[in-house]
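Listed below are the structures to be examined.
Here subunit A shows up in two complexes: once beside subunit B, once beside subunit C.
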Partner chain A sequence: MTDVFTAQHVIEYPGGYTRSVGPVIGRFLTGLRDGRILAVRLADGRVLVPPTEYDPATSAAVAADGDHWVEVGPRGTVQSFTWVSQPRKGKHSLDKPFAFALIRPDGADTAMLHVVDCGSADAIRVGSRVAPKWRAERTGSITDIEAWLPLGDGEEPEPAALHVPADDEQPVTGITVPIRLEYTLTAGIATTRYLKGLGEGKIIGGRSPSSDDVYAASRGTDPKSGEATSVEVEVRDTGVITTFCVVNVPGLSELAPEIPYVSAQILLDGANNTFFGLIRGVAVDDVHMGQRVKAHWADELKPDHTSIQWFEPTGEPDADYEIYKDYL
Partner chain B sequence: MAGKRVAVVGVGQTVHRTARKDVSMAGLVREAAQEALDDAGMAWSDIDAVVIGKAPDMFEGVAMPELYLADALGAVGKPMMRVHTAGSVGGSTSIVAAKLVAAGLHERVLTVAYEKQSESNATWGLSVPMPFAAPLVAGAGGYFAPLIRAYMYRSGAPRHIGHLVAVKDRRAALRNPKAHLHIPDIDLKMVEESFLLWDPLRYLDVCPSSDGAMAMVLGSEQVADASSGPVAWVHGMAMRSEPTMFARRDQVNPQAGKDCAKDVYAQAGITDPRRDFDCAEVYVPFSWYEPMWLENLGFCAEGDGWKLTESGATGPDGDIPWNMSGGVLSSNPIGASGMVRFGEAAQQVRGRSGDYQVELKTGRALGQAYGGGSQFFSMWVVGNQKPA
Partner chain C sequence: MRDVAVVSFAYSNVARDASHNETEMIVPVLHEAVAQSGIAHDEIGFVCSGSLDYLQGGPFAFVAGLDAVGAWPPVRESHVEMDAAWALYEAWVAIQTGEVDSALVYGFGKSSPGDLHEIMALQLDPYYVLPQWPSMVDMAALQACAFLDADGATEKDLAEVAARSQRNAQENPNALRKGNVSADDVLKQPVTHHPLRDADIFPITDGSAAVVIAAGDLARKVSKRPAWIRGIEHRIEGHGLGVRDLTQSESTRAAGAAAGVANGKVDVAELHAQFSHEELILAEALGLDATKTSINPSGGPLAANAVMSAGLVRIGEVARRITNGAADRGVAHATSGPCLQHNLVCVLEGE
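For the complex of A and B:
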């Protein structure tokens, strides 16, 4: 079997998602900032923490204010837990072994998920009494509680350091949520062959056996018939601009640092599909449909898309519209 | 149309804004769903099943949002499913919900679609660079602008046609208090002088990025007959898709769209859409997509769409108004936008469109949505009379 390329792929919105939390969760988070754990009493008498915006049983809206809001804890009881013996740096909030636990604050009927910092797995059991260790600087986040600590018989929980509100302090309405997804992507055989070809200064296409259509940068199948593009063919690095646009929006392409630039659909000679490419080496006003172009190869070829840096006009006469009209 | 009769018996919609910082995602969908339930005269317990739709999870960074939203939508203990077909999802979600009723599985189905684009940035969410894939060099507008150029070349349409649509749909939005964009002094000059983003698309030729949600309650014939208010009967519904790229694909006037229209018209007995419909709500995120979809949907011959637009036929006082609500050009919470089209079509035939109500003659309207690289299509025909 052909060796296929793999690569790491990270999806991470720069700066984190800006999550608006709504008035109910906002009040809970504002409570955390104040060093208090707030819960809501539902119509059936149950006390829910953290509050939900809607009653899980009836779907009735939970009001953001009213005397159904109650303070619970700070003491709590571990309902269940799992021991994390090898915390992962940057993934877990504690850098030493800890327990993920469901903790029911006194006065509440539900448990909340948090971390218990108790030194060893022997120091926690179902029924353990715990109390929050509050951060001194709090922002209105679930991590305003740094961890829950074991609480001995008769021991008093450490109170939260007083939160001194700024003059213009408002209730919490949003949080920033960093999310990072890491994948290992596999290119597949056809794409690997194509990329290796680019590293050799060649454009490899795949021919569909029944239609004879050639796909440059084939993914291994004919998108129309589903057949494998089993016959490998080399496509020329010249072609025609079928259509294009002049881009005046900055920051969309590292390959085109300056606006305006041209992004075009290009039909390569010998291929039956178009793809997007950058057009350079010509004034943007001189780019037009039907223009003949040639790939501009990088000085140093690599088996990736950087090998073809852009396309530029060949100076040949324009292609006849009949040649590319079915590719628009 | 195959299956049992289905009707829209309730419609709800949020106010659309750049950022709805006042609500969570749950609060956003709830706002639309509660309004739809109230409109239908129903309680949460009356609903048998919930169908939800939205565009890519990357927009908000919540995987499987339907799990988190189950209690907000009263779905606890009921069947709930999520639909995803890119920008057309609001349409396909409506169709999946309606088919649950048409199949006789449920009597009352709540369907909701939403997007909360302020939680990230849609341009980022739509074009995260992928290893091994050719780099996208121009963003979403850069994908569609070349197709618009190809349309102009093919049809000979003059450059101002897109701007006419940009003005028309923004003027329409002034009658719709829920629309995102309200630009009171919008005119051709303002569009022509707006910043050129992706030639030929100027800033005002392009849809905004919105937070918003749309909801409908679909009911069986028995439920609809018992409804105290007007209902919109579903006369036909269809979906079609095709790959983004294949040899000799017509990207300007995709076959999947033409096939979808043919199917839905056959179900509803539509032979001349311009005459048989009172109006249409069609997914037009870039102004030029009005003339392009006029042709794709068979409202005129191929190449004549721009002439129809230029004549004013698609304006509020024309013979076939399009996007009386202001359309996608005035509000675009992507995942919801398709359902807004379907729901606004239903409101028109129910006579519930307030200041942008069209005169009902045939009593039928078209809702259309598309998505991806013009590759997913969903459409329905609704009417104020029970289908035969």
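For the complex of A and C:
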């Protein structure tokens, strides 16, 4: 089947994902804001950079204050590297090819992952000497170092531009990291058939091979047995309200009507599962379990959920509890 | 300890499954494993799955897998947000409790809908590393560089691993990258992520896998030659890359020792090496001798690597060879986290 629907999907945290960093990482990040690389000396004498809240070997706590805090670098040595020929827009700090490297600052016993801006893959090797290129405007982030630059013999690192603190400046307590992921999702065969049905004014389900149950808007299986539903069946656009909710919270979706409104589970005639829909055309207080309803279709049908705008009462007598008691 | 064995295994891989949603992708594989097991679907005592919601970009996306299991009447079920090899570990523990005698374990994931290499950055240190967005391949390449620098191994050694993988994969219908290629052929390719070439990096794969495990007499009843789990252990290292020794895998060494890898010959090993250099690091940590052990005869993850099921596939591939008599004893390995951070080792044996 080649004409399966796909959809573009994005996960994004507007404004970025905000994290509290705690006092140890906060002190390191405050150091970066000041243009310094801070590290901690562990109980065994090793100097750890970037610092963590615990000794990675013993998990003993690392105090946020004390004379075990030392400054390392700014010179460093490349321990390992790889070349990024195609930077990722909106993610990588450089918009030209660069190296990711594990860099051990002088005076430290561990390495930190960072960016090396060296022009070409041939200009870096294990053992290369590098030094940070500091951003002029620093916020207390690992990216306050824009990149590390190759450092020739006898060459002095470029000092960080002086950070002039605001009068009310506080130590760094948090970071915000933009996160955006993009997807092309596949609806699959059963869901595509269902969506196409909506565009034709039909509700399409599938029949279970063993029980004859029909599942409308399913993912292509009988969820009780896990078997693939093999036969496409049209169910009716009328049914019974099994349970419902009066919504008093505004703005839950673009499609939501003004509050208060009712959303409900509806057992469609010919189906063995319930279907989600809005209930309109009736006073909120008059909606009840067992009420018979019918879909109100949009004037313009499309192969998506906008085709059924809501369900409204048919005026038929209520269904017997026996009919829907297994669907609550 | 109760004796527990793998009694059935099925899996499926494609480069990009644009036709099926995840539930539809799982159904045939899961039902094939159950049918092969000889245990009725409704008599299986426990169900455990492994998947990654970020692959679908939706919270609780793993729940869709239950539509393929069939969960009415309600079933005992659990899920790990890890490769399904860890789901098998949980199922093995469940059987050890004596509460159940059998379990269905499945893993699934489509790597093609999003940018897998980028998604995997979300598992990294959120303060120091994630803001710089190194990809899954960048991280592996840093380990490869450190390994080659320290070990004396060369890009030719990596190419030998990549080429053998493709040759072995020729007989595997579930392998995506296969061919009668030599290390020299691989070395003619450009280096894309220093020091790695495309052939050193697993191919993007959509797929699923399912295994049924059973205890003692039940396993003997349903399988002519159950693949007994003689040891299953996992160990993890810290996440700080600059703190770890990337040139070897201490967690694999420890898990392998605890699982008893060295307590007998190893006819076959399936290693979850998603990059060429990882196979060399893992083989060393497990004490495997390539002249005595067939390593990744399926082609391994360099031939197909459906994230979240590929580790379980390693266990299945070893179990299958024991059950069909091709091997008597084997080792399966699964990994999780960047640069082989977390490793599971399973020793399987026939009677």
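What we mean here is this: the second predicted complex is superposed on the first by the 324 of 328 C-alpha atoms of A that agree within 3 Å, B and C clash if a C-alpha of one lies under 4 Å from a C-alpha of the other, contacts with A are read in each partner's own complex, and residues count from 1 in each chain.
To be clear about the criterion, a residue touches a chain if its C-beta (ideal position, glycine included) is under 8 Å from a C-beta of that chain, and two chains touch if they have at least 3 such contacts.
Because the structure is a prediction, the values reported are computed rather than measured.
A.B. asks: Quick one: classify A:L252 as touching subunit B (first), subunit C (second), both or neither.
C.D. replies: first
A.B. asks: In the overlaid three-chain picture, which partner chain does A:D213 touch, first (subunit B) or second (subunit C), both, or neither?
C.D. replies: first
A.B. asks: May I ask you to decide whether A:T143 touches subunit B, subunit C, both, or neither, giving the answer as first, second, both or neither?
C.D. replies: It touches subunit C, and subunit B stays clear.
A.B. asks: Looking at the overlay, what does A:L185 touch: subunit B (first), subunit C (second), both, or neither?
C.D. replies: Both partners, subunit B and subunit C.
A.B. asks: Per the contact definition in the header, classify A:D222: touching subunit B only (first), subunit C only (second), both, or neither.
C.D. replies: both
A.B. asks: Once the structures are superposed on A, label A:Q265 by its partner contacts, choosing first (subunit B), second (subunit C), both or neither.
C.D. replies: After superposition on chain A, A:Q265 lies in contact with subunit B alone.
A.B. asks: Thinking of the overlay built on chain A, is A:Q79 touched by subunit B (first), by subunit C (second), by both, or by neither?
C.D. replies: In the superposition, A:Q79 contacts subunit C only.
A.B. asks: Please indicate which partner A:V115 is in contact with in the superposed arrangement: first for subunit B, second for subunit C, both, or neither.
C.D. replies: second
A.B. asks: Regarding the shared-chain residue A:T52, is it in contact with subunit B (first), subunit C (second), both, or neither?
C.D. replies: Touch partners of A:T52: subunit B and subunit C.
A.B. asks: Considering only the contact definition stated at the top, list the common interface residues of subunit A for subunit B and subunit C.
C.D. replies: Of subunit A, residues 9, 11, 17, 19, 21, 25, 52, 56, 177, 179, 185, 187, 191, 222-224 contact subunit B in one complex and subunit C in the other.
A.B. asks: For the complex, which residues does subunit B have touching subunit A?
C.D. replies: 19-24, 26-27, 30, 44, 58, 60-61, 71-74, 76, 116, 118-121, 123-125, 127-128, 130-139, 141-143, 145-150, 153-154, 195-201, 243-252
A.B. asks: Within the complex, which stretch of subunit A touches subunit B?
C.D. replies: 5, 7-9, 11, 13-14, 17-23, 25, 52-61, 173-174, 177, 179, 185, 187, 191, 195, 208, 211, 213, 215, 217, 222-224, 242-249, 252-256, 260-261, 263-265, 272-278, 289, 304-305, 326-328
A.B. asks: Taking the complex as given, what residues does subunit A use to touch subunit C?
C.D. replies: It comes out as residues 1-2, 4, 6, 9-11, 17, 19, 21, 25, 29, 48-50, 52, 56, 79-85, 88, 91-93, 100-102, 104, 110-115, 121, 126, 141-143, 175, 177, 179, 181-191, 218-228.
A.B. asks: Note which residues of subunit C are touching subunit A in the complex, please.
C.D. replies: Touching subunit A from subunit C are residues 17-24, 27-28, 30-31, 41, 54, 56-57, 64, 66-72, 110, 113-115, 118-119, 122, 126-135, 138, 141-146, 149, 192-196, 238, 240-243, 246.
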